[in-house]
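These notes open a run of structures that come right after.
Shared between the two complexes below is chain A, which pairs with chain B and chain C, respectively.
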Partner chain A sequence: MCMSEEDRHFSAELAVIGTGLAGFAASIFALKRNIKTAQVGNTGAVAYTTGYLDLLGSLAPDYLASIEDPWQGIEQLRDSHPRHPLCRIPKDDIFTAFEQFTSFLGKCGIAYTPPGEFNVSGLTPAGTLKPTLCVPATMQVGSAAFSQKEPCVIIDFKGLKGFSSRQVVANLKDRWPKLSSKRVEFPDMVSGEIYPEVMARSLEVPATREKLAKILASAAGDVKVIGLPAILGMHAPDLVREELEQLTGLQIFEIPTMPPSVPGIRLREMFEQLFPQKGVTLIPQQKVDRLVFIENGAQLSLNDSFGPISIHAKSVILATGRFLSGGLKAGVDGVSEPLLKLPVTQPDSRREWYREKYTDRRGHAVNSAGIEVDSSFRPLDNHGRPYSKNLFAAGVILAHQDWIRGRCGAGVAIATAYKAVEEVEKLLK
Partner chain B sequence: MTQKQKRQTVETDVLIIGGGVTGAGIMRDLAFRGLQTLLIDRKDLCAGASGGNHGLLHSGSRYISSDLHSAIECREESTILKHVASQCIEETGGLFVAVEGDDPGFAENFAALCQPAGIACNPISIDDAKKLEPLLSDKLFKAYKVPDATVDPFRLALLNVAHARMINSSSFRPHTELLHFTLKDGKIESATCRDNQTNSILTIYANQYVNACGAWAMNIAQLAGCKDVNLLYSKGTLLVSHDRLTTHVVNRLRPPGDGDILVPGGTVSVLGTTSIRVDDLITVKPTVAEIDINVREGTAMIPALAKARYIRAFSGVRPLLQSAGGSDDREATRGFALLDHSTQNLSNFCTITGGKLTTYRLMAEKTSDLVAGRLNNSEPCQTHVTPLPDEESCKWTEPGASPKYWYKANDPEDMILCECEMVPQSAIDEIVKDAPGAEKEMTLKAIALRSRAGKGPCQGSFCGIRIASYLYDQGHYHDKTGLIHMRDFFNERFKGTRTVTWGLQAAQMELAEALHCGLLGLDNLENN
Partner chain C sequence: MTEKTIPTLNFKEKAEELLPEGASFEACLTCGLCSSGCPASGIENMDPRKFIRMAMLGMDKELSTSKWIWACTQCKRCQHVCPMSIDISQLVFLARSNWPREKKPAGIVRSCQLIQSTDSTSAMGLPPEDFVFVVQDVLEEVREQQPKFKNMQAPMDKKGAHFFVNQNSREPMSEPDEMVPLWKIFDIVGANWTYSSKAWAAENFCMFSGNEEAWREVIKKRVDAVNELGCEVWLNTECGHSYYTMWNGINRFGMKADFKLESLVTYYARWIREGKLPVNSDWNRKNITFTVQDPCMIVRKAYGESIAEDMRFVTKSLVGEENFIDMQPNRSANYCCGGGGGFLQAGMTEHRRTYGKRKFDQIAATGASYVLTPCHNCHSQIEDIGHHYRGSYGVVHFWTLICLSLGILGENERTYLGPDLLECI
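Moving on, here comes the complex of A and B:
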């Protein structure tokens, strides 16, 4: 291994730290603006996404009913929660961000519905509905069939746990009377436990598709629309779905499974494969050990199995996420930001982190903790001043938002990444 | 809405109110004597202090400085239980350790104190103690070995109920709450109850009524007009670590205080407890302050407790007899009281309360002696000599047992639903079919109580979904009920996790919430 002998140095105009939705979105927007980018982080979190891209599905303070019009919702949020990150970005920019993000994904082989005026209902494996702005093309038919109440069969597979078509039907049948369920065996996987990822990869093989098509056609009977757990291929889901539709003469859609699910893994693998081809220096599965700001930029240090890596970048976007991705750390004595020790806006004591009831609609205070930024999305230091003119932040690490209750995780990630990259471009000019 | 309530009538020899280990023990004891019983609980088995304790089978040494009588009872009873309920017990042995700052006089005198109670308490060298338990503090100055052990109270209660059912079809009804008694001629004529799951009303006619409600015994006695049960409530909070830190029970060698017992249980350890006087039983739950005290104090014995990963906390209430004085409730008598209520002009009602897990069998025996005597039944007690038989559907609460059974069965179709604790589909099948309290549309909470599901690091956030999905699949659920049970199960687990969520558990919580609320919308079921 010659590489192990030497240190590796990269230089870039922008270093994106974090490989969740916000980090990938930032790199996509930077590509669009021809900014030379290096991206670093553990790509695990993307695999936990369902594929749905929500903008805003529910409104504070009590997050009662799901909202239909997220754009109108943002207007209301401006009055009630002016510090919410979505309120600090013009709506046109948010729209453009979603457009650019989804069209990029489409060009890379994972087609999405473009952002529209209203939320659509995404189906969940529990048979509930999730309000979302954009859905993968593989799931679109399901949302449409639900709104048209078309006759439909949800199909599940023997040996695939955590996805029960009976469950989906039991919870939707009052609103979708012509919905029914069926269980089939997946081709060549008839005994024991089977896994969505393995099923998806096997459907990249034409012979498996042909076998499955026969099974699906017979399971559908007279019904013309069928829903499946998300298993329709890993790298070309739209082609897999299209071919299955041709072979069966049916309309077919996917429903996400429990994470880490295939739609999330698709995004991760696509980013990992395509970013390097498009000129982004992607260093996945690695954590930045040290980040220091120097004259006109920053120095990032990290290590992988081949040894140390250093990156010099003129600007940095911190998109490290929350507790799950390590962007924030919850300690006995409080929440901290481990990489730069940025101040974290948070409840006064651990006693106030969580409400008594888990599913309390008002959400938990610790979920709105996060870092503060100025109007250019520069993180603030202990004195309320930008930590560095070269540092920006994006995604759910930002304070004053509860992406879980607000159903706005993708919205916060994509919109703030757009804004941060715009500011990076201004800086670089 | 005028909904006609369904009414139902049941007759039995003895109605036992309260499904803790004592109530379950009375059920089995009376079954041996040929008496048929009905056991009811407002919630479920071990919902009170029986499920909210360390799971420590006391050698008695713990009480040696405050309550010699209880210490002797513990020594006798733990010896009996190791013989008759060995499947529920792990003979871990126990250590008492003193660290810098503890009273050297108390430490020196400990073995001598244990001697009159007949407890085998042997001093060991600091080196030997550290060999037995490498995580012990370097500041140790005295150590003793005692015959402490651990016990699984859930399995114990389940097996008692299952055996009573086998002996004479005695039965258990969960979520059945006593509303009022009907009194007539110095007797209780009937007990009116509500099924909290279906809201139907049930009237129970029995010859004898036993109040085995632990901390709630005063409330139940008052429903029968009895004013002779006076309890104080002492709340204790404990926390469960992700890993098993010691092989022995480790006690701090000092008069009972906060955070001074660490009890292993299967693959985890339980640290506790605090002691706080509370006025009511409604708001009993762990607080952040209690957690922090336990960890701080425990760290003096086992420094690793400071950095340990905790997955859950819980609280229980010690019912203390009013006569007990003293400044610390842990100094109060841990003895039990059996009241026959004859001074309250009732001849078919009694109350058993106080005591502790280790003495549950003796409490059940004394109660059964009274009840049987009142029914002119002179059959002797058998529970101290007849071993508790095993029962398939009750074996799933044992930590580490599920994987063993699963590997042995080697059935590729039997998929694991709880991946942390390796609980397979077959366990769920067996529980919903046969376990005491099994019923149609059984809640996830009830299934979890009868298995290890949800006890691992993810605290049920994944297996709750998988089990619900499996139950839908099996046709147990036909509508939103399964989702409501799922939500209620997660809400229940959260009571245990909300005070110990930091570090890795905060990441776990974020993932769980994203999944349960962000994706599945369980925080908004009414509107979904």
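Moving on, here comes the complex of A and C:
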């Protein structure tokens, strides 16, 4: 390439590597503490989230029943699994982390319920219940209607895959007798497959809301509460829901759909738009190629289609996630951490990765593999010492947790990001 | 004569050749974020996820003949939202290349042929001498009729000028007065610029037609012309794909270019920041609202956030911050309008408007009275879908609004202003 171009350099007090829930949470907490932050990561898995923010929904080793009190659950974990990341953070800090995270989202246009003492039951597209600490405001009525067992119609749409009101009703009917289902047509959608994302964007147009309101009112009949797949707008969901409620005179709530689900896309688009406005140097869609620690900081190197970018940062939070996002890599010789070659705690051999049955409730050993950190959330090297005083880690890359079985993905992400940023602040001072 | 058939491509094999080591279309999780976020999903019963799955399943015959590849604008939004960063547009380009010329949409092929037919590289076939004549003619008229600009220049083939300025053919060919606001801006900031009689045109449908050799030839002509005049910057005016085809082409074909490629939008922002372009929004007393369309070709596919930010800075400076409403989604996540990829020339009007419905909804959701966009294809498509879906917005170029704000917009330069904007002059 012979065309003239310029290298781009940025400097920051903190570089967050990763654009999943943990990475975004870290940037939010850093903003709150006025830490100058740069964040890099490829698209990541945020768009796959249901929107529910769980803390702890089920307990190891058997993950049998859902737990109602996540705080007590963490106390139990402290005895049984003291190395679980959630056990290494004081309860008050976890609570504050959830409070700050949800209030940030609320101020940016996606209202959430604040953290409470108990889990609430989030509805899923499979008609199951997910124990979760915070729910988007658009979904709150559903949890309440379920606990009151109010008469309710779940509505789905012709051409929409990944959400069946009949399925939801079939699985909940025993516990929610006055639940029924209806299928309607979404206004002005050409025939064929339609996507929640498209419906959500279309509902940002007032005229579409008016047309849909008529359809919904007619489908509801005498019932006053209706549940819809999560399609109530993309960047102003609370406004869309409120307007539809006014137009129909009904109480309306959302249920997440199968991925790609609108609540996840909402979060990602919001972060990508707002962080730069708030002063975060955000470089989305790119992976860090190289990370080296130098005196008093680190140098990150990456490339986009325009050429090289380098970032100098005084501290780094590694929030690169697990296998899907590339934070961990599974190979014939085992699980590795590709960016810094950090040692990964893992089963002794591949044969021990999985149990006999994939659906075994106890989960699989490989899912608790991950990197080790010290009490300040600094990753450890092969000698059990911090890799660098300037490096911290957050999120599900950490060992000793199975976030899927434990229903604690958001909890681990948000709480450890909070803790890591707190440690970064100490370092910078 | 027997009719040519479309040869069958081995997509999986080709994909493996194209991708960098370690990358694989098999990494696709089939999650559907691509299809969910693609305005071409459903057209010709195809979508990006289906395309990848069919390629992986070896359904080469069906894919090789699918007309969907002409409805995909290669906007790369699918790759942008893909957690595995899978680039489907590469396969679409391959598929386009694979169609015999006789089968390809005639409009795109014709535009590429016209580009090759003269040294202008103009998709409307305007030869160099005609371009020189039109520029001279319009310039003389402005000098005579607008005393403020009686000494204005529109230099041609000026060696050593800082900026080599390109021009979409639509202006000299169909609406020559639209060149004038641009010249006035250069005049006001004192830019050292030139047009070239050769390779002055911006558009490049050869890339869209899947004709790689022709694409290379066009870029070669343009690179040579800039090198010959010794300009430091090839300045792309308000035309999206011309930038991308040039930038991508120079890299792809390993050409030697002794100059930088820049977008006019970046300079608008710079000149406003430096005070050289003293625009303000005082004229907008009636609080007329505006949104901006981020052209895929210069935002998502090229500069990314920095140019999107410049565009918003320019817009807010021009219309007032309170009168700017962003489209959702926007910047790199924005949807293609449906005018890209040669769609406007492909003669598939119904499909193009189906595609454009998403853009229409985005604009309708803002409620803005005008869309500003620095891209001709966006401009034409957004106007068309506005009429088709009975929208009430207008579409304007940045140069028009800049000159309006500066109080120097001539009478013949107001084609795209609605009555509300005309009253502000």
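Here is the rule we use: the second predicted complex is superposed on the first by the 424 of 429 C-alpha atoms of A that agree within 3 Å, B and C clash if a C-alpha of one lies under 4 Å from a C-alpha of the other, contacts with A are read in each partner's own complex, and residues count from 1 in each chain.
Heads up, the rule we're going with is that a contact is a pair of C-beta atoms (placed from the backbone, for glycine too) under 8 Å apart; a residue touches a chain by one contact, two chains touch by 3 or more.
Note that the structure is predicted; figures quoted are calculated from it, not measured.
Three-chain overlay on chain A, with chain B and chain C fitting side by side and no clash.
After overlaying the two complexes on the shared chain, residue contacts for A:125 are found with chain B alone; chain C is out of touch. In the superposed model, A:143 lies in contact with neither chain B nor chain C.
When the shared chain is aligned, chain B and chain C each come close enough to touch A:324.
Look at A:403: by the touch rule set out above, it reaches chain B but stays clear of chain C.
Of the two partner chains, chain B is the only one touched by A:63; chain C is not.
Once the two complexes are laid over each other on the shared chain, residue contacts for A:48 go to chain B and to chain C alike. Of the two partner chains placed by the overlay, only chain B lies in contact with A:171; chain C stays clear of it.
Counting the residues of chain A touched by each of chain B and chain C gives the higher count for B. When the shared chain is aligned, no partner comes close enough to touch A:368: not chain B, not chain C.
Within the superposed three-chain model, A:259 lies in touch with chain B and with chain C [touch as defined at top]. Once the two structures are overlaid on chain A, chain A sits at the apex of an angle of 90° toward chain B and chain C, using CA centres and rounding to a multiple of 10.
Superposition on the common chain places the nearest Cα atoms of chain B and chain C 5 Å from each other. The intersection of chain A residues touching chain B with those touching chain C, taken from the two complexes, comprises 48, 192-193, 259, 324. Within the complex formed with chain C, the chain A residues making contact are 1-5, 42-45, 47-48, 190, 192-198, 201-202, 204-205, 207-208, 234-235, 259-260, 265, 269, 272-273, 276, 282, 284-285, 304-306, 324-325.
Those residues of chain A that touch chain B in the shared complex are 48, 50, 58, 63-66, 124-130, 159, 161-164, 166-167, 170-171, 174, 191-193, 256, 258-259, 322-324, 326, 329-332, 349-351, 353-354, 356-361, 364, 366-367, 403-405, 407, 409. The residues of chain B lying in touch with chain A in their complex are 285, 287-289, 292, 295, 412-413, 415-417, 462, 465-466, 468-470, 472-473, 475, 477-480, 482-483, 486-487, 490-491, 493-495, 498, 501-503, 506-507, 509-511, 513-525, 527-528. The residues of chain C lying in touch with chain A in their complex are 29, 31-33, 35-37, 41-42, 45, 47, 80-83, 85, 247, 250-251, 254-261, 301-305, 309, 328-333, 354, 358, 361-362, 364-365.
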